[in-house]
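What follows is chain A paired twice: with chain B in the first complex and chain C in the second.
For the complex of A and B:
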């Protein structure tokens, strides 16, 4: 009970402290242009770097691409991946993004780093395996609903093997080279996606981060379907989720930082990364589903023999 | 007779051991990655003082491997035309610095993780995707390189890390800024970003 209250209070304070500050958009301040030093673009290899044309008269750049005047990269082989998502509640989302960001850097990351310093990596991987094993019912159900029966069988095999021979799921012998039963990365949100249900709109949940109404089903469903949820009284569950999150974070420190660090607008970067990631996953699941397999044409496989000759 | 047999079987082994997927694009990426690893593993550059030398060497390799122009154009798409040639030049330049500063430490942090190239897909005559993954003790990170053939050389124009294409990611960000901003404002944002990093 105490954990639960503590988390709620913590979250409310954080929200109250940071929300008003970041509602106000930062005014772009003028930086004198000459303060920036330019590095000349120096192609190392000769010729084939188009950037070289920048040293030539202006029209060379446009001439080079003249024949593709309307070339918008729409007809690109990867064009079908261009994805967008409606974001009608962007102001709210941006605030939540800020809150989560602060929470990560001020709370989750320091805690995870402390945990990382104390608990050796193999143990943390075991903890991860354990929680992952508990996600079996949700993955199994998702595979079934997607008509991916081999996936469902693999998951069942994995659960049996890892629970019995993997010390209750602490180890992952099923994924070893001898058996090669790899975890089926799927959830209920993807299942809806496989059947053509769209995201709807973008939501950034406090704590849970980027999501959509469709994908939020996974958040609820995973918790509901996890056997762990039935082994302890309800008020312990935030603590268990907390451990799970801290453990997972300790194995991924640095990933969020590099995404945010490289972004010009971290909020937009995060939103786009999320929908790109989810879309690829849904497509991968579609390719495995018996119902959609044939309609899902994949890229032609490399004809390497003819390529190496020229 | 015996000798001949040995030679023959050796020949067969060599022929069979050439991976089936290793087309020209994969060879190009693989070579570059090996060059990067050589720099990172160089015992002479182990000291922290040699960090700058390492960075300089990596920069050379990067320029050789990436088609910056293609990369920049693809992130801007239609908006590219709104930039004056001078702005375009500056954009390519700034964008490269943003990327370098964001990822160089990640690359320098490399500590002998395994890098596996496992698939190559020809998309068009001059476009290919090379799929690879970095295998660490706790996870696998898929990294795909999208490549374009220009003047007989395969160059990378997009990197897809864990299913997220960098070009598309930056495209949405730039689109958002340029939707109601001018190229100059975007450049200003980039300048600030480079300075802050």
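For the complex of A and C:
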């Protein structure tokens, strides 16, 4: 545990020192629309994201695009969005990527496949709905902090309706055609992103998968705000979270395989997909924020977060 | 033997609100229930129930449903002494929320496009036990004892007549019969108090009642159900349901 904390501190320090080093991600063709805030293993967070891979070292790639830093994207509203993230601990990340990859194929996927064989899909969707409903406090707080008050109201309405008429959250009547209250797919990491906090650097956590110091705060904060973290005795919560992970994976088997199958370098593909996905989420949240909505409207492809994160 | 009525929720309209092809409907409801039982004296029983219901119905003809809810229990004068040598700190038995479950089924036959008749069968069971403590003095000797009420269950069978009126409102009513029982046991034998260490079986006094209600469409798939029931005393409740 002590080493784990030391590692986190080390990453934060490295983030500050190495932040000017960039890697560039290509524009993905598709972005997942329903990722869970908790990142059990890589595929849950990234989904089906074909990505152009790069086998070049991070420094070479960043140097290439450093020359283009003077390019005025604001003048070309439909220019391709470029997303950057520092990756100074790439060797460590690649090891963790491999560890997570092995864990997925040798442990999580077989378990999820067995679970999938036993539990019918409607039941697994209901379990997913239940856990999603439990994520209400984090989404509600994130909406409030982002000054997205209509989103906070929608989340509250969803929670009340799904808890009362959705059998404790197992069903999702709020998202039905008649009510149309869609889940506000947000978290505390996005909240920091909305306020201009950059990723810092790219980190691949063992088990939790792709992240960054900013999104790691989200990872901790979301768990802190989840009622599932407060079961007694202590070992119940990890068990419940394990079920959540297995259930989510059972609904996404094949997505991770598609991503790495199409990539020359799965690590780079994953990194690109992750950073693109998070950037799009942050931009989507900015568009809903009362504080940033007007400025977003005047800059249709504004990507200030990703371009200023150094 | 004492008698008591402990019933488990609204009966609802005889015709299911599920879609014709078959669908779920869910509801949350509240019911205020009162009844009396008589043996040596008249006692009034009161319950507040809140519950969540899930139901599945099809063809506008049948429905099965289950409920899980919480209920409190108050038995008036359960600790009131009939002996002048015994005084108690309080007169009423009162305990807060305990879980109860209900299962039911109903069938409906439309006679015309407006009128129809149906029947239902519904049973409830309260999990856990209600307990309350009282203290007092008997012949200058202080005592403290508690009353335990458990194994509350009931079964109801009724016939309902329904009329569909404008604006999608369903009016309904009809007679029903029911049976309810519970076990009560006091932790001590105190002269003048109605319960003792021997288990006392509480049963419903009146076996027949009547119910009437309305099911009113709201917006966006929600409906409001209001219902009254009468046996020895009047009970009423309301539920808001949602059809998937």
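Observations on the model:
Just so it is clear, the second predicted complex is superposed on the first by the 216 of 310 C-alpha atoms of A that agree within 3 Å, B and C clash if a C-alpha of one lies under 4 Å from a C-alpha of the other, contacts with A are read in each partner's own complex, and residues count from 1 in each chain.
Assume a residue touches a chain if its C-beta (ideal position, glycine included) is under 8 Å from a C-beta of that chain, and two chains touch if they have at least 3 such contacts.
Every value quoted in this text rests on a predicted model; they were computed, and no experiment measured them.
In the superposition on chain A, A:258 contacts chain B only, with no contact to chain C.
Of the two partner chains, chain B is the only one that A:277 touches; chain C does not reach it.
When the shared chain is aligned, no partner comes close enough to touch A:110: not chain B, not chain C.
Using the contact criterion defined above for the overlaid structures, shared-chain residue A:88 touches neither chain B nor chain C, since it reaches no partner. Look at A:268: by the touch rule set out above, it reaches chain B but stays clear of chain C. Once the two complexes are overlaid on the shared chain, A:125 sits against chain B while remaining clear of chain C. Looking at the superposition, the partner that touches the larger set of chain A residues, chain B or chain C, turns out to be B.
Those residues of chain A that touch chain C in the shared complex are 161, 164-168, 171, 173, 176, 178-179. In the complex of the two chains, the chain B residues touching chain A come out as 20-24, 60, 63-64, 67-70, 73-74, 77-78, 81, 84-86, 88-90, 92-94, 96-99, 102-103, 106, 119-124, 127-129, 137-139, 146, 150-153, 155, 158, 162-165, 168-170, 172-174, 176-177, 185, 188-195, 197. Residues of chain C that touch chain A in their complex: 24, 26-28, 52, 54, 220-222, 240-242, 244.
Those residues of chain A that touch chain B in the complex are listed here as 28, 30-31, 33, 35-36, 38-45, 47-51, 53-54, 58, 61-62, 65, 72-73, 77-78, 81-84, 121, 124-125, 128, 251-252, 254, 258, 261-265, 268-269, 271-273, 276-277, 280-281, 299-304, 307-308.
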